[in-house]
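Take this structure first; my questions come after.
Here the chain labels run A, B and C in written order, and each chain numbers its own residues starting at 1.
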Amino acid sequence: MKSFINVDDIGRLDKALAEAMEIKNDRFKYQCLGKNKTLLMIFFNNSLRTRLSTQKAAMNLGMNVIVLDVNAGAWKLETERGVIMDGDKSEHLLEAIPVMGSYCDIIGVRSFAGLTDREYDYAETVLNQFIKYSGRPVFAMETATVHPLQAFADLITIDEYKTVARPKVVLSWAPHCRALPQAVPNSFAQWMNAADVDFVITHPEGYELDPVFAGGARVEYDQMKALEGADFVYAKNWSCPGVTRPDDYGKILSRDMSWTIDRSHMAVTNNAKFMHCLPVRRGLIVTDDVIEGPDSIVIPEAANREISCSVVIRRMLEAM
Amino acid sequence: MKSFINVDDIGRLDKALAEAMEIKNDRFKYQCLGKNKTLLMIFFNNSLRTRLSTQKAAMNLGMNVIVLDVNAGAWKLETERGVIMDGDKSEHLLEAIPVMGSYCDIIGVRSFAGLTDREYDYAETVLNQFIKYSGRPVFAMETATVHPLQAFADLITIDEYKTVARPKVVLSWAPHCRALPQAVPNSFAQWMNAADVDFVITHPEGYELDPVFAGGARVEYDQMKALEGADFVYAKNWSCPGVTRPDDYGKILSRDMSWTIDRSHMAVTNNAKFMHCLPVRRGLIVTDDVIEGPDSIVIPEAANREISCSVVIRRMLEAM
Amino acid sequence: MKSFINVDDIGRLDKALAEAMEIKNDRFKYQCLGKNKTLLMIFFNNSLRTRLSTQKAAMNLGMNVIVLDVNAGAWKLETERGVIMDGDKSEHLLEAIPVMGSYCDIIGVRSFAGLTDREYDYAETVLNQFIKYSGRPVFAMETATVHPLQAFADLITIDEYKTVARPKVVLSWAPHCRALPQAVPNSFAQWMNAADVDFVITHPEGYELDPVFAGGARVEYDQMKALEGADFVYAKNWSCPGVTRPDDYGKILSRDMSWTIDRSHMAVTNNAKFMHCLPVRRGLIVTDDVIEGPDSIVIPEAANREISCSVVIRRMLEAM
């Protein structure tokens, strides 16, 4: 595997899930694979789970790890071409990327959407420059439009907790005080479309996800109707993806608190498990009693980030 | 050992001191203990000695180490329950802690006192949530009310430098330009009370330490009288502990520069060794000539932080 | 080797170059040398290449690495003696340095010139305190006046790319929007003077480098004339070194954009390779077409930082 961005990159999902279980049962099984190999994790944005779980996964595989916070301790990077660099950015990505590639064997990149220029964000400009110029295998640690390590961990979690062969999985928009990217819902939709589940998306009008990721997934605008009989409720906020309302890309279209997942929402489900990628804003996305309740699986879901990442890095190491 | 907060957690002090000497003579003796084990160090506040010595100790024991600066590169964490999280804090400790616990084997936490709410600080609210929710052994890397790795290192240092069986140890308050927590004097008092030393505390009126830590330790308000015949002078500033003056908790009560430890203070001692946990403000806590003089042992004292921490982590690894 | 600051510290250059090639052919050859040894990297300033390449080099040699960003997560450090420390600096270098030394085996220091006090900068005040008080081997990761890991990597690169026995190497000043230190040109001049090359420096009047570093190197004030027949063009900005114009130390004397290296400059050379230490400001130092062109070797030059650093650390480990 040379890059890990979309669900296609991981190949057959049943095989990927089997590898995940193998690694979960013995996290250090492939420790010799990473000897004298270095992972470089590059953060243009904040991180908790990704920062920790990715380091842990790489160390499980015997790798050395270098963490680079670009905005803390390094130089600010220019991403545009053809400019006279007389501002606050000391270095161009076109130099920085191959240099970074020369000191490591695998690169993980976190670079969020700016949410002002849809074309720039959806072209995955930063990620694609890493793929093109680093000379190394690159995986997304949440980029402008995707968060595949999260979606893979979500799939592992659903596979572990499902009680029926083909569970109903509902991705529900929920309100938030800030405009958030679409990376998590995009990847979740892409992975659920590829998995053997009954997948439904619910959100207010205007929040339609890009068909590149949501594909033919069923959209039900009535949240309560969508949640009926659900086996898994995946709550998440996102800002306007700019599909049906191009001029509103990256904006908050609704602050409707009736979408906050509470007991009444969970009551219409089939004793659904509650999921969220975290970090979660309590009182906006979900109530305290639901996220702390017995059907909340957000902690094991987060713990599976170590597993999904281990599978991805192992694949990259084996392909060298 | 499941947690390391108070002197009781380490058990018999003579045994702990013997282990410290064993590790000091061969720092890598227990290197196999930490194989495939990960220490997560979580900093809510700045650190130099703790940051370096704890990493060193864990690496001596063969562990992997992940350092997380919560306020640099991660999400700001909400610590209150029942709030609608629509402010600047993206994640609740109640999710963050078990998630962090899932990626590591042992957790070290640094979280200073806020010095505005005595009840909150002295309840060790943040530390106790880590103990309760992380599912991992937790040790304090200076928390709201304690700094046991420092106190243990202090004890080791006194044990190494003492010339009489039962030395006189004087903890002396000294002035400072900022309001500082009581964690260091609290732990030092607690450990000295448990050790076989003649322990005296001296400070201006109003700086009485909490009896939970200071116990029945002798308090002498006349600094010069307290220092007479001392074998060890341990200088430290702290703000009002709020014991005798509850309304002044966390405030600076005195800026009396006559308390700054200088040659005249050292002259009345029994050629006492000068100690301080560092960082130290020269000219406020102590004069240049005393801290640079032949009786200053602040550097070997700091070096013993690697040793005290090695003993603590070794105990935690062995208890797994 | 106890310290690595000047070209003399590395001894015979032909031997150092041979070691560099040996390590480049097998980066992990001396991995057992660093077992249970810890490198402490201390940054008072930003870093990308040095941060990554030095970690990589130390890990190649089997060392543990601790990275300390002094201004992010640690205490601000006082560097003056005899002051009452009642400002924003919590700790004095005189305590901090031996403490840091006690937790590691080798120290790397980055501490840039302040550019306001020439005497202070050129005395290498911070670096020399580390050498004097840390008790450890110390190497410069760019300090006030030198950047020897870069100059050594430059020499390795020139050795690899030269097509004649004694190439002509031209160090050319180029304009920049900020006042930059002289560390890179100082070290480059010092190393080129020691190497078997035909070395020429070109810059506007007033930018004369300190003779301690530039020695008897030929200075040609006509840039185009200097570049004639060059085999290597090394572009770099620096601020006034205060040699011929002492009152202008650290200032920008020229913003003349005719010094920006473009095709017309490269045209008068002997198909010269273009070099720069990076980060580079495009449009000021060099045009896009030159730095992206086939004769630009800035990326392999940066990659050689891992090699130069490996040689230096290996020497220090072997000398223990």
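Everything that follows uses one rule, which is that a contact is a pair of C-beta atoms (placed from the backbone, for glycine too) under 8 Å apart; a residue touches a chain by one contact, two chains touch by 3 or more.
Predicted model, so just to flag it, every value in this text is computed and none were measured.
Asker: Under the over-half criterion for shared residue numbers, do copies chain A and chain B use the same patch or different patches to meet?
Answerer: Since fewer than half of the residue numbers are used by both chains, the interface counts as different.
Asker: Can you grab the rotation angle between chain B and chain C? Superpose on CA, round to the nearest 5°.
Answerer: So the angle, rounded to a multiple of 5, is 120 degrees.
Asker: State, to the nearest whole Å, the distance from the C-alpha centre of chain A to the C-alpha centre of chain B.
Answerer: Their C-alpha centroids are separated by 39 Å.
Asker: I need the residues of chain A touching at least two other chains; which ones are they?
Answerer: 72
Asker: Could you list, by residue number, the parts of chain B that touch chain C in their complex?
Answerer: 27-28, 31, 43, 46-49, 51-53, 55-56, 59-60, 69, 72, 177, 278-284, 288, 291-292, 298-299, 302-303, 306
Asker: Looking at the complex, which residues from chain A come into contact with chain C?
Answerer: Within the complex, chain A touches chain C at residues 36, 38, 40, 64, 66, 68, 72-75, 78, 81-87, 90-92, 94-96, 98-100, 102-104.
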